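After this come two complexes, each holding chain A, first together with chain B and then together with chain C.
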Partner chain A sequence: MIPVDLDALASCLTSPACLVTQTTSGLIIGMLLFLVAVGLTLIFGVLKVVNFSHGAFYMFGAYFAMTAYQLTGSFALAILSGAVGTAILGLIFERVFMSRVYGRDVLMQLLVCYAFVLIFDDVVRMIWGPEFKSMGMPAAFQVPPLFIAGGVVPPYYLLLIGVALAAAVVLGLGLARSRIGKVIRAAAHNPGMVSALGINTGLIYGGVFALGGMLAGLAGALAAPVRSLTPGMGFSVLIESFIVTVIGGMGSILGALIGALLIGLIRSFGSLGFPLFTEGLMYLFMVIVLVSRPTGLFGKEVA
Partner chain B sequence: MTELQAGQGAQPLEVARIDARPQRHRDLLIALIAFVVLALLPVLFGSKQLLDFVIRCAAYGLFATSLNLLVGYTGLISFGHGMFFGLGAYSFGLMMQKTGVPIPVAFFATLAMTFVVAVVIGAICVRLKEIYFAFVTLAFQMLIHSTILSWQSLTGGDQGLRGGIPRPPFLGIDLSNHLHLYVASCALLVIGLFLMRQIAQSPFGYTLRMIRDNATRASFIGIDVWRAKLAIFVLAALFAATGGMIMALFVSGAYPEFAYWTMSGEGIFINMLGGVTTFLGPMVGTMLFLILNDTVTRVTEYHGIVLGIVILFFAIGLRKGLMDFVVEWFAQRRSEERG
Partner chain C sequence: MTRTRKPGISRRSTLALMGAGAMTFSAPWVARAQAKTIKIGMPTILSGRVAQLGTSSRNAVMLEVEKVNAAGGLAGRQIEMVIRDSKGQPQEAARIARELVNTDGCEMLLDGEASSGSFAVHEVARDLGVLCIHTCSEASSLTADPKQHIPNAFRCVRQGIHDSIVGASYAAGIAKAKGLKKWATCSPDYAYGRDTTGEFVLYLKKFAPDVEIISESWPKLFQPDYTEVVTKILQAKPQAMYSCLWGGDLTSYIDQANIYALFTQMEVFAVNMADYTALTVVKNLPKGIHSGDRYIKTFPPTPENAAWGDAYKAKYNEYPTNWSWQNATAVMFLNEAVKKAGSTDGKKVAEALTGLTIKCPFGADGTVTMRADDHTLVGYAIGWGTTIPQEPYVPDVKAGDWKTIFELEAEWKKSKGYT
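What follows is the complex of A and B.
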């Protein structure tokens, strides 16, 4: 049967060192997931389509970052090219393909995205090869880890959490306060009216898709030093970030953040107590949320 | 109002009572003819490849047509239908390997198990709105796939169920004989299609179409939408599991790919290829897909790119499946003939 190791979980929960280590590893999983999921939720909120190929942007972000790092040796440039490269890719993808299936049935939207999941995975296989790649930790972060209450915390983790949190704050404030943010929210609410007021909704749609792609690419680039790169790496992230948006509620940024952190912690602590059933725990949690609140923790009732 | 309509208005309204029996007899006749033709195929062409192709068509065809009951008839876009295909293959294979019960017993036990799993998963999924439904079914698919991968002691993990599935003869049928397996697959396919056709043409089938077109109205006239959706979800799962069992018998094993999400993606693609507006559309799609897949795999290792471009051509370019074109062409000709 499925092995359960509750002793390991209990002994970790009582030891501060283990608690710190597991919490930070849960936080980085959660933060990476948040960056992917928030793009997914943003695109859904404004464009009303689910970007099933969103995982591919995460994958491209990681590969772009690896190539840029190998060429220039600069980690900052690697992150930047991961984010900017996927933003451009997202813009092209939205304008050329996705814009043709708005308002059509969900089946068509899923099929177009499914086609691109297949195509993108093969493109990566063609360019970078089918084998596992690793980017390696940049030199600036090859320093001894920090010890907090006896728990091991690599400094890179702190950077990762910091960047993701900064992105969350900028995004949240930008949408709530800035003029562009208001236009985006208006377009999500009533695109016809926004368009009648002389605002180019096509541009907004492209921009939102590019932004979503960029956030996923940023997550991929940040993950590149700590994860192995392989074609198809985007898909499991897509599934998990979808679970996050389902738990948090489609279209809610705060929901995506909370959902991602919960999933991150479930994964890191679950791997102690239920080593082979960690993924199962995630699904179980999702089912519990769905049964009790079908629109997610922070989702609004949609008509 | 034309003269004709005005004339009709004067008479009391006659409600046509549709008798379902003649149509059922016609379907039965078509099914019998199809089975006889398929069963005679080995006499005419001895090619093993052709028979293999038909067996694979049976497995995929049952899977794709059952998906069409959800996608085309009910408007439930399941992106996790492949889990029942995989579940059927694995539970049938495991039952044959571990318990050694006769094949029919394992067959019905697998259906019973699929029924239970589908009721549980369906009860959670069918109340969700379309895109949520698509992704939550997908999530369940991934849960079953990851369970298969991690429960190595039982399922063999990523290596799949190896060592062959024992196929003891029963009632004079020996499924380890290629010809017997072929005829049995054809029989299952024809029976499965016939049953699904009866479901689609029954009052229940028309209730499903109504739910697809306007679920709110359906619930206002007293239909329990949740229960109807759950019923068709479970029924479709049973047929998908039958497809999975044919596949398990054919390859004498079961592999995690059977339960992977790409299986569901292929099912959706097949439906798109053939068209969801006709009952036999998915069957045509299955044949096209298998031919396409075999050709592409032979030509290039990057078959994802080729398949992707074909999907885009159908989804963005044509916007409908092959059978939809055929039906439209006939309808057009008929209206031209009427003048």
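What follows is the complex of A and C.
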């Protein structure tokens, strides 16, 4: 097998059909990754903790969605319960456990998170069983794929990209324009001052953690029809999310979006040109970004 | 003057007792051989990603052991299974196997480990000389390589090389009939995936020389998303695809490939599809995927096999797996071998097992054989067919031909320097 197949890559780049297929394939990988990574980066930006248990919310989102779908048969309710369920879970987790380790040693925070990675995996195993599950594609999307300029695009992936994009826009505008957004940004910048002004920072922290959990849960719910569900499924997603946040810059939402899309496109086009080095390409790209811009593409300089 | 013997324990008998005591501690399986029950140890995988397979192995063993015990046991001795979780780690499997024999006093071992662990347990069997039947490892070299051969170990498992020969000859038949020349492969990137795919392609090209592999994909084991692999294969426009993805990876791949309508654009050969763990999980199983039989209660199409599958389902509320029938067969072999040897002595049972043919629901002709020269299972039901989305899932399985298997296996062994 040829390790580098630049001909395949070149012929794809000059064919509109191939470009459309590979770009959408990169977009869906990227958008799901963005939903997980943006929560991670948001929690880091405001709470200053690296939430290593973030992958568990992705997993819970998928399992909640599957159970809701089996009970109600409604796909919309499945997505909703995936998002809302993980938001509630995130709030409880933050208030009861994470709030106790703010400002503590990083190692302490890491240990708490890692403990919960294991605990959450075992909880899923107890409730849903150790074997892998599949939610199944809703009937509405069991249709032949669309052909756009000769490229193949499954309708479900259009929905997926749409929902993720909408979440990105709402999140970006909300943080930039709304009052709550301003408070959150202020709390990220100077929590002491915000608290002195009579704003309940505990509530904000809980809210941001719940929001982060909800976005990861939404990603899990959207992925549930096409990815198999197993205890521990959050782990590989978490690793890639870290790569995304490192490339985009910890704490930057735009950075998470661009980083996630770049990773998605590197995977989809990389698998054509460098079939044996697709994984390596992601890490190589991360190294290049870290060497040239240690704070990430959109990260702020540390004062 | 006559010496009167003092009451109590003499020096000589004390020495003898001490000797016996030392024997007991150094070789407990010899000393305890006369115990009424016979303990059989079994390391297997009961937690982690493949726990489902280990659990199904334990279930099948218990189902058969109950039957043997109800009929009076092994040479009059009731079987007591001691089953421990290795978590799929080879060093843990070896440690447990040793402990089962030395501390728990197990007189025989059933090795319910996947390939990696089975080689570790094999070394323990070599060291302790205890009778050991491997029940889950499909790696051909475990018995094909003469360096691995020991008189007290057997393999009661289907084998990678047999599957490749049967799969490739089935696929070549369809390739010729439908003119499928351009093939793609997509298999997980680790030893099993690489070896199995390599052997399949080797024999496919042998049976159908026109076949050309135009695209290869090697996704990581347990990769969550295969979209880039799916679209890459679509770009290559092959006429057929081979995959040895399994379990949750296979069902993810099917769900993701389905929405790109991949299954309508090429013939798909997925050797691990026809296993109930995958068949019952996929919600939208495409029609017409070609697959090897793992365990399916309709193949071999005999009342014995169907009854066995139903009995298992009635007891455990799920269908058996490929590991189930292999473990059940191992218990059947033990039972028959002990009857033939008239003893539970490991050496005698091993001699009886060598070359033994028994009646078995999973045999191609109603019997299976423990081949004498390499201590491995042959004559089991092996075949390929196409899927439908509901039971019986694979309605028509085409049986593989054991004569061809034997011929090509002998050739393969020669090419590997095994004979």
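In this text, the second predicted complex is superposed on the first by the 300 of 303 C-alpha atoms of A that agree within 3 Å, B and C clash if a C-alpha of one lies under 4 Å from a C-alpha of the other, contacts with A are read in each partner's own complex, and residues count from 1 in each chain.
Please note the rule applied: contacts are C-beta pairs under 8 Å (C-beta built on N, C-alpha and C of every residue); 3 or more make two chains touch, one makes a residue touch a chain.
What you see is a predicted model; the values in this text were computed from it and never measured.
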Figure out whether A:Phe242 sits in contact with chain B (first) or chain C (second), or with both, or with neither. first
Which of chain B and chain C A:Ile92 touches, first, second, both or neither: neither
Contacts of A:Gln142 with chain B and chain C, given as first, second, both or neither: second
So, does A:Glu279 touch the first partner chain B, the second partner chain C, both, or neither? both
Name the contact category of A:Ser134: first (chain B only), second (chain C only), both, or neither. second
For A:Val112, select first, second, both or neither according to whether it touches chain B, chain C, the two together, or no partner. first
Need the overlap of the two footprints on chain A, from chain B and from chain C, as residue ranges. 276, 279
Chain C partner, complex, touching residues on chain A are 1, 8, 12, 18, 21-22, 25-26, 28-29, 32, 130-137, 141-142, 144-145, 152, 154-157, 223, 225-228, 230, 232-233, 236-237, 267-268, 270-272, 275-276, 278-279
For chain C, which residues are in contact with chain A within the complex? 47-49, 51-52, 216-218, 220, 222-225, 227-232, 234-235, 247-249, 251-252, 255-256, 258-261, 277, 281-284
For the chain B and chain A complex, residues of the former touching the latter: 71, 77, 79, 124, 127-132, 134-136, 138-140, 142-143, 146-147, 150-151, 261, 265, 268-269, 272, 276, 302-305, 307-309, 311-312, 314-316, 319
Can you name the residues of chain A that touch chain B in the complex? 2, 44, 50, 97, 100-101, 106-108, 110-112, 114-119, 121-123, 125-126, 235, 239, 242-243, 246, 250, 276-277, 279-280, 283, 286-287, 290-291, 294, 302
